[in-house]
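You will see two complexes here that share subunit A, one where it goes with subunit B and one where it goes with subunit C.
Then we have the complex of A and B:
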């Protein structure tokens, strides 16, 4: 941890949709940035540095987008960084921005992440066929579905558990006006009858493809104390990575995720995550990743994640709500999805989550993102009180 | 080439059909203007006119929306001569000048090409006029090139003859209808989107370790590798053990039999041109003797009969070559299923 107490003092995001034909990439990120600045009571002139994150450049075909975005983000004459850690990039970008403040280098940092998936096709962008290699002819779902099947075999989880998550997160999204998917009629039957894409994953078990951007303004303690709206104090940040494939790798319950959680919990004084958090915003792009990450993040014993889901513990009215915003299953501008998790956790402890606000007891929330073949993890803990 | 040198293959990275780019309000004005034979710039906060128009004030990041027509005549600010244009790379196929041209009324020059017969005709300060494409569709190449201006030339009409080559035949299609990349352009609506072909070409070097493994493929053998101080066999090998970084110098033949540790049934057609008809099974297969799973297809069995623990063997293309794609798929080898405990740590 750095020595400077640091907080999220502004949060902004676009209304996520399948295609924003009305704006350029610059226009998209700027919408989120301006909303975050307004929340923080600032304009571009107040910002010391800008940190941008997005997923692979193959998605939009804009190489080095951070350079093109400099004027749209008011970054001319300031440090401008770009971060990339696959699907976890939104989280790691927020952490890089936070570290610039914690370290005392800057006082006010704007961080923005985005994806404009309508400009190409993520399945193509993620599985470009390369010479010499046997192609992965199944897309992202085809990579993760066998790992989900392995989890089901290992935990003896009933087949409907994933569908429960698919329904829960879409119903939660109905209270979030920024969510991409609003499916008021969704129920277990609708999920069970949706197209079987990658057995065991059905269509409604998977995340949408979205255009969207997320922005945070992160400030040092003295800046946060003077901010017009409540602060989400950063109590811990952690990142971990591991190779996609190595002998003895647990693909279902990756060591890097467990290590990342242990690190961030130690920083934030979290000993029992189910009790110590008021909610968690966790990267769940396929429904089954809720029970899998419940175990990986230590919210229960290994093998018990699906039981929490089945009992409703993770619903908005459960004892530990997961993804009250609707989560990645309801909005997925890939490069922004991790930062949306981090920002939604901040909005909860700032009590600015509107109709999907959870009740605050401990005043702490977890933001989580993962990426690649479950090989990059980034997490932070935010709270409504300053860290010790 | 000796048999120990790394294999190299030419590779083209190109999104099929090109990226569908929504251009935003500033570039929309610019492209819509080009289609009408006009050059549109924008006035920024300090009063200067930028062309092509920027979407935001490049000095302050502020919002701007005062669009102004500039030109059509302009002045060459500086230039360089391209004596050997590269086919398919340069806009013009005959020698030309790259130049910074400042249209009258603009405060900054734009990068463009000047089409003259030789470098002797180029000079800083020379006056130039746009030569418009005949079939303007709302794309940057609508302004085909700049040409020297002669006296009384202000009303010059679009040239009937294009410069040939890439500019005409390979003009990128323009998306005029929010995502539909085909069909005749609507010349009355503003340009909101374009289709952008982006192509990267590489020489991919497989590396020494992978080349050994690939040469095994050419013999119908699957060659893994392990480090001297480890019994963990990696396939495909990347040259080092990812847990220690130690070089994997010892070659170990694995397979051709293996066990399906987990799998999925894909019902989505068209995920890859190499994908078989749906439904098909892609699986993690633990090859006998290997310690990492192989991602491959399972064929020769009804998809509903595929199960964890199924024993399979590799099926090779009849044209064996140093390429992993010649291991086509796996099919049942008739052995009894492997017990779960035997592969549990790999699932």
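Then we have the complex of A and C:
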């Protein structure tokens, strides 16, 4: 952690939908940016630097689109950085922005992430056959399904566990007006009867393809103290990466995720995450990743994640709500999905989560994102009080 | 703001006109290994790892993911990536050291421009609704900028040819240059104009390549490097994307970055400018106030070798090498990306 106390002082996001034909990419990111600036009581002129994140450029067909977005984001004449760390990018981008403030280099940083998936097709954007490498042509779900099957075999989890998460997160999303999917009639039977995509993942076990953007204004302590709305203080940030494939790699419970969690918990004084957090916003793009990440993030012993899910511990009224916003399963503008997790965690500790606000006891929340072949991790801990 | 002293302590690069033999991972491996070995640090003692690359150069998503196989990421590492020239990766690494969280960083950049028609590909950096559908190539856009500069009256085609000729001559001493020749401006002026008003010698060659740098905070740098190149100032700025709203004969973002990096008082023995076109050098030197006592692009610059996504980082590495060898005491490195010099980074470096 740097020497400057740092907080999220503005949060803005678009309403996530399948296709925003009414706006350009620039219009989309600007909506989120303006909402975050308004929350922070600022305008573009107050901002020192801008950090943009998104997933692969093949998703929109624009090379390094932040260049084209410079004026839409008020960045002209300022430093502009573009982060790309696969699916974890939204989280990584928020961390890069936070470090610009923690380091003392800047006081007020705007960070924006987005995906406008309707400009392209993500599954095919992910499935380009590259020279010198085996073509997968499977998209993300095809990649992760065998890893999920390995988890099921390892933990003896019953087959309905994933479906429980699919129902839980969609019902939570009904309280979030910005969520893409609003499925009031969803139940276990509907998920079980939706068509099979990649065994064991059925259609309703997967995230949607969304157009959307997320923006945060991050400020130094003196700026946060003067901000009009409550601050979400950053108590820790961490990133870890490991290679995609090598003999002996545990792809179900990756070491990089465990190391990243241990690092961020140590910074934030978290010793028992299930007790020490009021909620967690965790990157769960396929339903089974809730029990898998419960274990990887140390919310329970290895092999017990599915039992927490089955017992309802992670429901909005459970003892440790996971994804009270509806999560990635309800909104997935890929490059923004990680930052949405980080921003939703901030909104909870700011008590600005509206109808999906959880009760604050410890005042701390976890934001998490992962990407690539479960190999890139970014996490932060935010709290309603200043770090020591 | 008080900053931690940070220095470049090692550098390695590789270039090729058209490397059909190796994939990206294979040509990152030698530069990472060479830079890490030269740094004196063990790989696992380097606190932060970051790369710069462009997915579209390889034609698929996540080019940087395979790069991890070359960088070494087991046990897991603190790692990030920018979809930018790796000079900006070095900036993010410098920020990471400023937070106090890490004391050293490995930075690498790479790109295989030969896999595609890179000049046309870079069109996709422009506004996707109003400009890109017209398919102006990056050379077409640069030619507009050169035309604007010439039309202003102070600069002639002979001046551009002088830049190109000097770069080609200097590139002869650079083993990583892919274009070099003993030539003078008059001889270049006699060659055909290919993208009016530009001639081929005014345009950087398409190049494959990679580069790696290790930077470290003061204590680590002093322990491991006899003559580190201290980063005295580093800043980057961006201009508006639409070339119609900019004064193409100047570079406001370069000037501002130079100001913030403490570069405008001059006194540089050498400057490595990321000029992909001969007129870029004229505009950049003007923006940074570089005078006759500063040797510009002694390596031959990007006109000698232009491995996109690494070219900017190589400018920093070239200045490091000259400081490290004792040849110069103070140098300036510059990196750019985006159509017509849209985004610019300036790094001021000194010996002890």
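Here is the rule we use: the second predicted complex is superposed on the first by the 385 of 388 C-alpha atoms of A that agree within 3 Å, B and C clash if a C-alpha of one lies under 4 Å from a C-alpha of the other, contacts with A are read in each partner's own complex, and residues count from 1 in each chain.
Here, a contact is a pair of C-beta atoms (placed from the backbone, for glycine too) under 8 Å apart; a residue touches a chain by one contact, two chains touch by 3 or more.
Predicted, not measured: the structure shown is a model, and the values here were computed from it.
> Go through the superposed model and pick first if A:167 touches only subunit B, second if only subunit C, both, or neither.
neither
> Once the shared chain is lined up, is A:279 touching subunit B (first), subunit C (second), both, or neither of them?
Neither subunit B nor subunit C is touched by A:279.
> Using the superposition on chain A described above, determine whether A:92 touches subunit B (first), subunit C (second), both, or neither.
In the superposed model, A:92 contacts subunit C only, not subunit B.
> After the superposition on A, what does A:149 contact: first (subunit B), second (subunit C), both or neither?
Only subunit B; A:149 stays clear of subunit C.
> Please work out whether A:255 is in contact with subunit B alone, subunit C alone, both, or neither, and reply first, second, both or neither.
second
> Contacts for A:84 in the overlay, against subunit B (first) and subunit C (second): which applies, first, second, both or neither?
In the superposition, A:84 touches subunit C alone.
> Does the superposition put A:105 against subunit B (first), subunit C (second), both, or neither?
Once the two structures are laid over each other on A, A:105 reaches subunit C alone.
> So, A:365: does it touch subunit B (first), subunit C (second), both, or neither?
Neither partner.
> So, A:61: does it touch subunit B (first), subunit C (second), both, or neither?
both
> Which residues would you name on subunit A as touching subunit B in one complex and subunit C in the other?
Of subunit A, residues 24, 58, 60-61, 71, 75-76, 119, 125, 128-133, 243, 246 contact subunit B in one complex and subunit C in the other.
> Mind pulling up the subunit C residues that touch subunit A in the complex?
Going by the criterion above, the answer is residues 1-3, 23, 49, 54-56, 58-62, 64-66, 68-69, 73-84, 88, 91-92, 95-96, 98-101, 115, 121-122, 124-129, 132, 235-242, 245, 252-253, 256, 337-339, 342-343.
> For subunit A, which residues count as touching subunit C in their complex?
1-3, 24-25, 55-71, 75-86, 92, 96, 99-100, 102-105, 119, 125-126, 128-133, 238-244, 246, 254-256, 259-260, 372-373, 375-376
> Touching subunit A in the complex: which residues of subunit B?
7, 9-11, 13, 15-16, 19-27, 54-61, 178-179, 192-193, 196, 198, 204, 206, 210, 214, 232-234, 236, 241-243, 261-268, 271-272, 274-276, 279, 282-284, 291-293, 295-297, 308, 322-325, 327, 340, 344-345, 347
> Please give the residue numbers of subunit A that touch subunit B in the complex, ascending.
Residues 19-24, 26-27, 30, 44-45, 58, 60-61, 71-76, 116, 118-121, 123-125, 127-139, 141-143, 145-150, 153-154, 195-201, 243, 245-249, 252 of subunit A touch subunit B in their complex.
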